[in-house]
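Paired with chain B in one complex and with chain C in the other, chain A is shared by the two complexes that follow.
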Partner chain A sequence: MRLELHRVFVKRVTFGDKTGITDGVLTVNKKELLELISEDELLGKNLDVDIALPGDSVRIIPVKDVIEPRWKIEGSGQVFPGVLSDVETVGEGKTLVLSGSAVVTAGKIVRFQEGIIDMSGPGAEFTPYSKTCNVVLLLEPARADMDKHDYEQACRMAGLKTAAYLARSCAASGAKADKVEIYNHANIKEAMWGHPGLPKVGYLYMLQTQGLLHDTYLYGVDVKKILPTVLSPLEVMDGAIVSGNCVSACDKNSTYVHQNNPVIANMLKRHGRDFNFVTCIVTNENVTLADKRRSSSYATKLAAMLGLDGVVITEEGFGNPDADLIMNCWKAERLGIKTALLTDEYAGQDGASQSLADSCVEGDACVTAGNANELIVLPPMKKVLGVPEEANVIAGGWQGSLAADGTITVELQAITGATSELGYTKLGAFTI
Partner chain B sequence: MAYRIVHYINQFFAGIGGEEKADYQPEIREAVVGPGGALKAAFGTEAEIVATVICGDSYFASNIEKAGADILEMIKKYKPDAFIAGPAFNAGRYGTACGGMCELVSKQLKIPVVSGMYPENPGVELFRKSVWVVETPDSAVGMKKAAPAMAALLLKVLKGEKLGTPAEEGYIERGIRKNKFYEQLAADRCVDMFVAKMKGAPFETEYKMPIFDRVPPQPAVKDMKNATIALVTSGGICPKGNPDHIEASSASKYGEYDITGVTDLTSGGYCTAHGGYDATYADSDADRVLPVDVLRDMEKEGVFKKLYNKFYTTVGNGTAVASAKRFGSEIADKLVADGVTAVILTST
Partner chain C sequence: MRSEVILVTNNTELYSSVSDQKFTVNQKIKGLRLVEGTSLDVLKAVRGAVHLGARLLTHPLCGNLRPYQQPFRSVLIEERVEERETPCEHFDMDSVSMIESAVTIYQDCCDRIVKPQDLCEAVRKDYAFVDSELMRESLARYGVFLSDSMF
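After this line comes the complex of A and B, so read on.
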């Protein structure tokens, strides 16, 4: 498999007559975009689009998903297969990427389970999405009493549609890449013969799958309904994995961070040097014990069948999924497959409680993306996109989180992507 | 201006006497006494010991509350910027007194506190979570090493400087997790660690796996016919509108709600406050998480005598173990006091 990412660097976003990119400035025809997302009957009449740039005194709340605009300009399939596009296999050919830009879905809340992005100030240091030029969709449901699963889907689709629309429009107007990255990934037969002397390794990619605002989609299939399966890292870059997940927004993988998975990026870079990166194995985090046992046994069995010597395991979420992480860890280790774990922590606001809800002695190589319970004070911003009062009810906030002057005091868990368990930030923790 | 420090020592280090003087009652002197000399030298011009508290180890151990309160009053008068106790080396009662006073002063006066002990001193285990304890050798021979280290740490804390790891700063690990920005992405750190582990090279985990309490289950209820059963949940079920504002995650409280005469949790009356699961189905029928309807049926059938007339509820999502422990023991006390026989705990 060979995929070229044609990166066009976006330095600014502005509204204008024609959607396209010139000299790093992404122009968005607001009317055309609004017409596109208004097609969905599940969304209300008062939709809006705004722009939030790095350094702006802007707060976005509540945030559902963040998506990077991409569009395939060559090769089979199209971005976000099975969700936005047809179900054909992706991961080969050429994909245009509007690097440095993102689509943020926000606005009237699905439930009290979404996040915050500050574009400047102390909060901006914690979210990766303060560094992207954001096209913000302010959404509302068609009816207040609408089924929340339907509304979640409508919000998810609006974000994906917008991301594809932006990149497609740029491709159509002949945008030229500032940088082309080439990725190759061998099939299993070649991988088995390749790189003698190096350990064969995989990436065990855990996806949260626990219902409304806790779900993830693989080629459009609800991941709670899959058995663990193998996936090429290049498919992930074309949006094979889509997020429907933002509860305790700090450690939920946005679609953006799937597209830009930094574990995959690092493992591809070290492939052939430090190890032989054979495949990703995707698994779920379902709520029942039987599902947890089945999926962890099945995922580690796949790793064993492929003769892997080690796997990097990333968790998504915390608490209940800690049980999945730990089962994956000890089951792999007892099959002779070494593990390193990537998680985050809920050690209490004072940092004095245990950080994980489950534990095993085999988990001796563990990296964490920080304690999500730690408090942060977010000073007022000049402009708020969305509904600031949600700070009082979102996960990580409490009644009184929002002060009269617009200051918000919350746990880091309310900040989108702050403790990314794909390891997309530099945050971590240590013991004093 | 130099920081004002009050120093705490025992009767032995004050030169009053050994075990035979261990019941010495607390006093405060406007002077530098005993090991205060080594601390004074280490502080230089940056801090000044304005007073020294002296207390017998046995006296403190037998009169913890009174001694603590009396000493606190003595200290207050000197309006100190910080409090330093010991070093206690491996003296158990002395270490416990140093730790206890440090914790009390820190809580009541909200000023920095530092002590110094040998890692096996029982005072370490008791107070390391709330007190900076510098690691010292096991006996007073180590004074030369201990005093400068304690002074240096206290000055750092006083100046509000960011403290490094226990190894860097010389204090005993408190077991508290602090965030920091590393040089590298967490993903890169993880793959680095993975490569080291694959190669059999040394690596240091960023988080040592926790060790959990195990609670042995109680014996089965023998006489169900006469039992009072209570319902307690971490699934967040509460009266509609969540009147006590139990947090969606990282709960700081639990709710107590009366269900006298309630036979069914309807969507008009109940919902969940929990932010960590798909709440649609709990909101449409809260009995799914807190089965009042079924238990009322069983009560009617005489399976047990009575459903307790209150339920307790909190949100388990992201809630610290320390908070959960507190909720659990408070709820259990109330249930025991009200003669409840057994509890059904539901989670989500």
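After this line comes the complex of A and C, so read on.
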């Protein structure tokens, strides 16, 4: 498989007559975009679109998902297959990427499971989406008593439609890439014979699937209903994985993070040098113990069948999903497959509590994305997009988190992407 | 050996929603146990059952919230009918290990555990809703289908 990412760098977003990009300025026809998302009868009449740029004194709250605008300009299938587009396989050809921009969906769904993005100030240092030029969709349901599942789907579709619309419009107006990145990924036959002497390594990609509103979609299929399966890393770049999650903001793997998965990016970079990156294995995080046992056994069996020497394992969420992470870890290790785990921690505000809900002796190589319980004070912003009072109910906040002057005191848990368990975060450790 | 699936919960909305349904032949859930107390009290009730030989069907920890943040907890267990009241000879050691570990985690933060009555009605309903949502699939496995608009 070969995929070219045609990156057009976005330095600014503005409203204007025609949606397109010129000299790094992404112009959005607000009326046309509003008409597009208003097509959905599940959404209310008071929809709005706004812009939030890096450095602005702007707070977005409550954030549901973040999506990077992409559109396939060559090759089979189209972005977000099975959800927005047809189900045809993606991951080959050419895809236009509006790098540096993002679509942010904001609206109350499951209120304590949405997040905060500050575009400047101390909070901005903890979210990667303070560095993107954001097109913010302010959404509401058609009726106050609407079923939450329907509303979640409507919000998800509005975000995906907008992301595709922006990139498609730019492609149609002849946008040229500032940079072309070429990714190749060998088939299993070639991977088995390639790079003799290097260890064969896979990526065990755990997706949150605990139930409705805690779901992730693979080619439009609800992942909690799949047996673990193999997937090319290039398919992920074309939006084969879409977030439908309402989980804690800090470690919600947004659709943007799936599209830009840094584990995949770095494994591809080190492929052929440090190891032989054979494939991704996608698995789920279900609620019943029978499902947890079945999926962990099946996913590690696939790794063993492929003759992998090691797997990198990432999870989404914490608590109950830690049990899946640990089962995957010890089952792989006992099959002779080395593991490295990527997670975040909930170690209390003082950092002294047990930080993972589960553990095993085989889990001796673990990377942390940070302590989600760390406290942070977010000073007031000049402009708030959304509903600031939600700070009092978001997980990581409490009644009284929002002060009268607009200051918010919360744990990092409330900040979108602060402790991303795919490692898409500014937190980290460096050897000096 | 005859066994029954039991739902143990302190979520009154979920309890009512399940108990309102007729118990059909296909429905394997035969019992409901409402715990009037905290999420930790639910786990202690489950621990008591596990120590009498019950097996966990769902993981005792909640997902994606710190234990103290989610005031509701619901767990499905399978009890052997004959041994419900007396200790049995064979415990499910995985279940014992999991529930003991979960109780320890909850006890470590017991002074911060949110009680349902601590929350305003709207927020309390949101937490109850998510607790129910996370049980929806598991309940369906055992023949109990919650309506889409239970709240």
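To be clear about the criterion, the second predicted complex is superposed on the first by the 419 of 432 C-alpha atoms of A that agree within 3 Å, B and C clash if a C-alpha of one lies under 4 Å from a C-alpha of the other, contacts with A are read in each partner's own complex, and residues count from 1 in each chain.
Here is the rule we go by: a residue touches a chain if its C-beta (ideal position, glycine included) is under 8 Å from a C-beta of that chain, and two chains touch if they have at least 3 such contacts.
These figures come from a predicted structure and were not determined experimentally.
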Exercise. Fit or clash for chain B plus chain C once both are placed on chain A?
Worked result: clash
For this session: Considering only touches as defined above, state whether A:F275 meets chain B (first), chain C (second), both or neither.
Result: first
Exercise. Is A:A395 in contact with chain B, with chain C, with both, or with neither (first, second, both, neither)?
Worked result: both
Exercise. Of chain B and chain C, which one touches more of chain A's residues?
Worked result: B
For this session: With the two complexes superposed on chain A, say which partner A:A142 touches: chain B (first), chain C (second), both, or neither.
Result: neither
For this session: Could you tell me if A:T288 is touching chain B, chain C, both of them or neither one (first, second, both, neither)?
Result: second
Exercise. Just chain B (first), just chain C (second), both, or neither: which does A:A365 touch?
Worked result: first
Problem set entry | Touched partner set for A:G319, first chain B, second chain C, both or neither | both
Exercise. First (chain B), second (chain C), both or neither: which does A:Q113 touch?
Worked result: both
For this session: Check the residue A:M192 against both partner chains and state whether it touches chain B (first), chain C (second), both, or neither.
Result: neither
Problem set entry | Contacts of A:H214 with chain B and chain C, given as first, second, both or neither | both
Seminar exercise, completed: Candidates 45-53, 279-287, 297-305 or 333-341 checked on chain B; the stretch that hits chain C is 279-287
Exercise. Can you pull the chain A residues that chain B and chain C both touch?
Worked result: 111-113, 148-149, 210-214, 247-248, 287, 318-320, 346, 348, 353-354, 373, 393, 395, 399
Exercise. Any idea which chain B residues touch chain A in the complex?
Worked result: 129, 163, 165-166, 171, 173-191, 193-199, 203, 205-212, 245, 247-250, 252, 275-280, 316-323
Exercise. Can you list the chain C residues touching chain A in their complex?
Worked result: 56-59, 61-67, 69, 76, 98, 101-102, 105, 108-109, 120, 122-123, 126-127, 129-130, 133-138, 141, 148-149
Problem set entry | Residues of chain A that touch chain C when the two form their complex | 110-113, 147-149, 208, 210-214, 224, 246-248, 251, 285-290, 292, 317-323, 346, 348, 353-354, 357-358, 373, 393, 395, 399
Exercise. Mind pulling up the chain A residues that touch chain B in the complex?
Worked result: 111-113, 125, 148-149, 199, 201, 210-214, 247-248, 261-263, 265-267, 270, 274-275, 287, 309-310, 312, 314, 318-320, 338, 340-343, 345-356, 359-361, 363-374, 392-399, 411-413, 420-432
